[in-house]
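What follows is a single structure, and I will ask about it in a moment.
All chains are identified by letter, namely A, B, C and D, in their written order; residue positions are counted from 1 within each chain.
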Amino acid sequence: MKPIKKDLIHPIPGSRWNHILSGVVGDKLAMLALIIFVFYCLIALLAPLVAPYDVSDPAFMDLMNSEIPPSWISGNSQFLLGTDAQGRDLLSVILYGTRLSLTIGICAVLIQVTLGICIGLVAGYLGGRIDNFLMRCADIQLSFSNMMVAIVFLAIFQSLFGMARYQQLAMIILILVIGLTEWPLFARTIRASVLAEKQQEYVDAARVMGISSKRIMFRHILPNTLSPILVIFTVQIANAIVAEAALSFLGLGMPATEPSLGSLISEGFAYMFAGSWWICVIPSITLIILILAMNLLGDWLRDHLNPRAYKD
Amino acid sequence: MLIFLLRRLLQACFVMIIISVISFSIQDKLGDPVQQMVGMTVSPEERNQLRNELGLNDGFLVQYWRFAKGAVHGDLGTSYYYKEPALDVILEKLPATLELAFCAILIVILIATPCGVLAAIKPKHILSRLLMLISSIGLSVPIFIVAILMVYIFSIELNIAPSFGRGQTTEFFGFWESGLFNKDGLSHLLLPSLSLSIALMPIFVRLIRAEMMDVLQSEYIRFAWSKGLSARRIYFIHALKNTMLPVITVGGIQAGTLVAYTILTETIFQWPGMGFLFMDAVSRVDTPLVSAYLIVVGGIFVITNTFVDLIYGLFNPTVRLASHGL
Amino acid sequence: MKKRELAALIDVSFTLNRGERIAIVGESGAGKSILGFSIVNLISKPGYIESGSIKLENKELTTMNLRQLQEVRGKRIAMIFQDPMMTLNPVLTIGNQLVETIRSHTNISYKDARNIAIEKLHNVQIASPEKRFDQYPHELSGGMRQRVIIASVLLLNPDIIIADEPTTALDVTIQAEILQLLLTICQDNGVALVLISHDLGVVSKVAERTLVMYAGHIVEEGPTLEIINDPQHPYTQGLLNALPQMTIPGQRLNQIQGSMPSLAERPSGCAFHPRCPYATQKCKQEQPQFIYSGVSSVACFIIEDMLNEFTDTDKEAL
Amino acid sequence: MKIKVIIACCLALLLYNKAVATTLKIANDTDPVSLDPHEQLSESTLQFSHLVFDPLLRWNKNGQFEPRLATKWERIDSHTVRFFLRKNVAFRTGNTFSAKDVVYTIERLKKSPDFRAMFDTIDKVIMVDEYTIDVHTIYTNPLLLNIMTYVFPMDKAFYQGQDQIIKYGETFASRHVSGTGPYILAERKLGSSMELTRNPNYWDKNSVGNADKVILTPIRADSTRLAALLSGDVDFIFPVSPIDIERAKKVSGIQLVTLPSTRILLLHMNQNRRKEFQDVRVRKAINLAINQALIVDKILKGYATPAGQLSSDRFLGYINDLEPEYNVDRALKLMKEAGYEKGFRISMMAPNNRYMSDEKVAQAISAMLSRIGITVDLKTLPKAQYFKEYDNRSADMMMLGWQSDTMDSNNLFEFIIACPDANTGMGAYNASEYCRPEIDADIRQANREMNPERRLRLLQQIERKIYDDAAVVPLYWQSLTWAAKGNVNINDIVNDQNYPHIGDLFIEE
């Protein structure tokens, strides 16, 4: 016996947030992950205030100070985490790098979400040929890993803007590249949820009441598909940051003058075996902790919200 | 069945056309191939002459038409660097990449399946919790960091396995260079395939666990319990078979990701496969090779996807293949 | 914050005699299915049996280990589930699923097991069972599948069959056939049946005795016919009134006001009191005890009071 | 049964290991593009040529000519040099080496797009007898011997008739090779490895070279290459990144050899793009603001020589007292005098995978320039894209590294300093667009001046003019480092041109 939907009112988003929040407080690991994430966001936002040095200051990069180990080894309190091969204060560079990585990650995923939601809703709600076509597109899109797409895009952008302007736009381009490559994940999830929701009586009822399909999609179906989106959103930010790092590692990401965490690691890699391990290891740890926190948060959200259970 | 295959073929053509346009349009955008071909002291006129000979000064459509005509005949252009048909060059490297991917997938299947099943049937057990924690961490460590660490630990510090290349290979059927059948080749395979599988492992452990838990909640599993079947039969026959369905689908999608991972792994370990070739081609501005690579990888994806659907059909009797097409 | 534990069944107690057919009736969420599953210890996680005792011929089931339980499940106590579409494993053939049941309990060769299975399929009136044997569940209709499930339940000649809403997911015409089949099989083989249903109509055709459940409690117990003809508990009355045939054509259905409380919101006292038209102050505070009303056993203060009144007036009259 | 056979086969394959006498495994950064020694003028092609072919003469470690296939030579008149060739030398194919092969090779070089510029100076080669040739130049050429180090005689009978040089597509010469060199190509997998075996009939019986088999593998990444040596996968690697040298030195059983090279790294300041750069004071200020010594010390870990001029001390044009100067105060004063007290903004480009630590050097320079108020928008590109931009002169400041093909200063001046002239190819890499006709005249004269004394004065005069004018910013001469296992005597065979004479490499047992 199927429970009868009482009325047309969909679950209230507000209660969902309370549900999540109260759950976080209960779970120590999730709490820790959330704290770490918020901490990263804060230092990313406040990097210019928190960083001991101003990276845009011409005096910031001084070869005289190159490769100083972290202060607990060198005893030099001037540079807490030491300096890199260019004589830059590693702490400041990492703070700004985190800021860049997070910005790229979050913006890219926002693009993914927007694209994914629109395409997924359209595909799921309209169905038929459009659905098939869009899902095939998603398949094709997925067949090309973002690394290859990145190279294609970089080439196109370079020819559009010229090499000189390109590097100024590197961040935006990276966001676009990563954003445009992973939307199928969202689209598929949304589509699946929509297909499930579509069979629910309240959608039929809404349609009978003469509500337009656009309104049904956005006001009635979308809120019910938020849980899986939230889960994927969290995990995708982590993925986007890793993707950016990998691209930078291959030399396709951020230019060396504006390093993200990935380009810092890639740059430090050369010094790894040469004794100046901190140039590579500290950014790596920073990156790994961030990703781990995001993944734990995503996991916990998945278990806690249990998107599948929401369908019924 | 036939209709399904025909539809798939049609789709594949459509996909390949799109891919060929995209991959062709990047030719000439990656840098000047002529610059790479000649020495520093060659005059601009001579370079222009060369460019004319290569047809690089023609319009885009003219160039594309020439390219498409050749592509239909299996001619994806001639690599500037290898001076051989690009397709041949890539197919020559294909065995290396396929062996690497195959070994990585084998390791993943052999380790991820039992781990995922264990984590699903005993979610509270300390071992499964540990497993999930490890997989969380594994998911968070980018593959290039893993690879670097592996080289450092196993190759430099412990001196167990070589850090680059493929080592000794044996030739089969005249075209398949295999490193699987001698000690040297296998030892070279160790680190790259291990780091590749470490990158894929967490995804699959989690996927198998999630799907398995889902399946274990289902009515038919409960019914199987109510029939008094042994736990082993329920877990490994009733549940695992159903679990593998979505795992296969996701595995097919992961083929794309695998390509990305092989690019990274092959670059770090100097594995002479397609990914390494691709990065090399990009840095050498060997544009025919780059676009041929994109086309080949696109083709591989289309094929694996079709195969995945076919296997899916084999595993899952409820799927009617024809309903899966456009 | 500690997770709250909620009790789904409280103070539920009944006996089942050999060959007897009883029904458990109630709205969804009353705890009927959990009761059914708890008999063979199949409650889905994180649920568990905190206390209580379930005995099969003096053997305690709740304390059995998995191996011992496997002996009981299928062989002594078999279950039929609500939705035949979901009950059979989609990736295994019908035959496979039948044979494995036999072979996991006995040392019969595959060939013999196959013969038994085909015979049972024949028994449940499936045409050309040899053909069906090699088919997958999705190739069969819903009614057909429920027959297969009944056949699989019969394979080892169990003592008890627990049928959890066996006809709910089926078409009305097929419902009757399946019920008839179930009834015949139980009568022919002397199998005891626990029929879990929300449909008093279904129950009346099959069960000899009926238990009415509300919010984890049994509220009324007695012979099926008596209960249907003369329901005592206000809830049972409400259930019966809600049946379409109880109303005059054109009249609105008699709904019970409100809905079943969830486990977390179970009210104090008699759980039914918020919906009960006769509820008194006492109902809100105290838990009623079972009393025999002459027709059935009922847990209700109203009935208790009425009976007391009746006996009082009786006494006076005497 | 079947399974047993398969298992047996597998075991046999596993245990199958070729017994090889002495195998030398080498890892370098790039493998040659083609087997044709005349297809590309690049380091890797020449390294390969030294393995499979022999030059007429070659540079030894002290910068002197060492006779190889030419046993001696003498100048006949101002335009002609006579070469006497070695007898009893055979090609891989068994054909005997004689004067016809040398004539054939030089004529082929004159057709090669890459080598043509160098060999244009040769008018004709005349065969005097079977083992003697006369080389005639169009005008007097003081550098004829330097050029002749690029003549690796090819087997005329083997190549003739199918010897076209094509930059793309397959040719006979790009697939097949026959030379007189110490090694014979056995197998080649383009882009992944090359296997050579010792030439049993090698003419040079005095050579101590004892590797029976050489396997050359290109490994792109510096750290991977070093890791391969440290883990024992290879015996000999080059180049070694300066960053890793200190660590590699600490490993026992590993030896490193470092030599200063003649490759100069420099910066061009484009005077056509920026009027500021037309002011000599600004150019001077930039020269003063850049601390070459610090760059060499910190980024290249001392494995380079700070440069105040273009010619390295091996070249004729080298002037002892032209030292790089670093003085920010004076630079600031000069900027102020020039009227740029507030500084200005420029664009700068550098490659990021061409020279050792090129990207880091560029970053350091942009930081140094910011001290005198010049804000630098730095872009670093992979070499494939960089040199396209370089040809377009896309930035105000561009980095260039130059190795003189002729081991002479004038080659530097011709390509880097001379006024750009599309017809003659002079100044092809002059991204400064700096043009001084009087320097051009000197360069032309130095090309023909046979008197060493006068030639020295001419070249030094040019060098000093460039210095006084601060035409470019010389940075440093890169050092070359090779590393090998302790038993490989690389010390005797490496040279400052990075063409290790592997034929003479002795490996201790």
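The rule is simple: contacts are C-beta pairs under 8 Å (C-beta built on N, C-alpha and C of every residue); 3 or more make two chains touch, one makes a residue touch a chain.
Molecules present, by chain and UniProt name: A = ABC transporter permease; B = Peptide/nickel transport system permease protein; C = ABC-type dipeptide transporter; D = Peptide/nickel transport system substrate-binding protein.
Being a predicted model, the structure only gives us computed values, none of them experimental.
Undergrad: Nearest chain to the global Cα centroid?
TA: B
Undergrad: With respect to inter-chain C-beta contacts, which pair, A-B or B-C, contains the greater number?
TA: When B-C is set beside A-B, the one with more contacts is A-B.
Undergrad: Taking each chain's centre as the mean of its CA atoms, how far is chain B from chain C in angstrom?
TA: The mean C-alpha positions of chain B and chain C differ by 53 Å.
Undergrad: Taking each chain's centre as its mean C-alpha position, how far apart are chain A and chain B in Å?
TA: Chain A and chain B have C-alpha centres separated by 24 Å.
Undergrad: Can you give the whole-Å distance between the Cα centres of chain B and chain D?
TA: Here the centre of chain D sits 39 Å away from the centre of chain B.
Undergrad: Taking each residue of chain C in turn, which ones touch at least two of the other chains?
TA: Not one residue of chain C touches more than one other chain, so the list is empty.
Undergrad: Considering chain D alone, which of its residues make contact with at least two other chains?
TA: Counting only residues that touch two or more other chains, chain D contributes 227, 353, 382, 385.
Undergrad: Counting only residues that touch at least 2 other chains, which ones in chain A make the list?
TA: Those would be 158, 269, 272-273.
Undergrad: In their shared complex, at which residues does chain A touch chain D?
TA: Chain A residues touching chain D: 58-64, 66-67, 85-87, 158, 162-164, 167, 251, 255-257, 269-275.
Undergrad: What part of chain D is in contact with chain A in the complex they form?
TA: Those residues of chain D that touch chain A are 222-223, 226-227, 241, 243-244, 246-247, 291, 294-295, 298-299, 347, 349, 352-353, 359-360, 363-364, 366-368, 370-371, 375, 377-382, 385, 389, 394-395.
Undergrad: Spell out the part of chain C that touches chain B in their complex, as residue ranges.
TA: Its residues touching chain B are 37, 40, 42, 44, 66, 69-75, 78-79, 81-83, 86-92, 100-101, 104-105, 136, 138, 149, 152.
Undergrad: Would you tell me which residues of chain B are touching chain D in their complex?
TA: Spelled out, the residues of chain B in touch with chain D are 30-32, 35-46, 50, 54, 78, 80-84, 151-152, 155-156, 159, 162-166, 168, 170, 181-184, 186, 268-270, 272, 277, 280, 283-285.
Undergrad: Spell out the residues on chain A that touch chain B in their complex, using ranges where they run on.
TA: 129, 132-133, 136, 139-140, 142-148, 151-152, 155-156, 158-159, 238, 242, 245-246, 249-250, 262, 265-266, 269, 272-273, 284, 287-288, 291-292, 294-296, 299, 308
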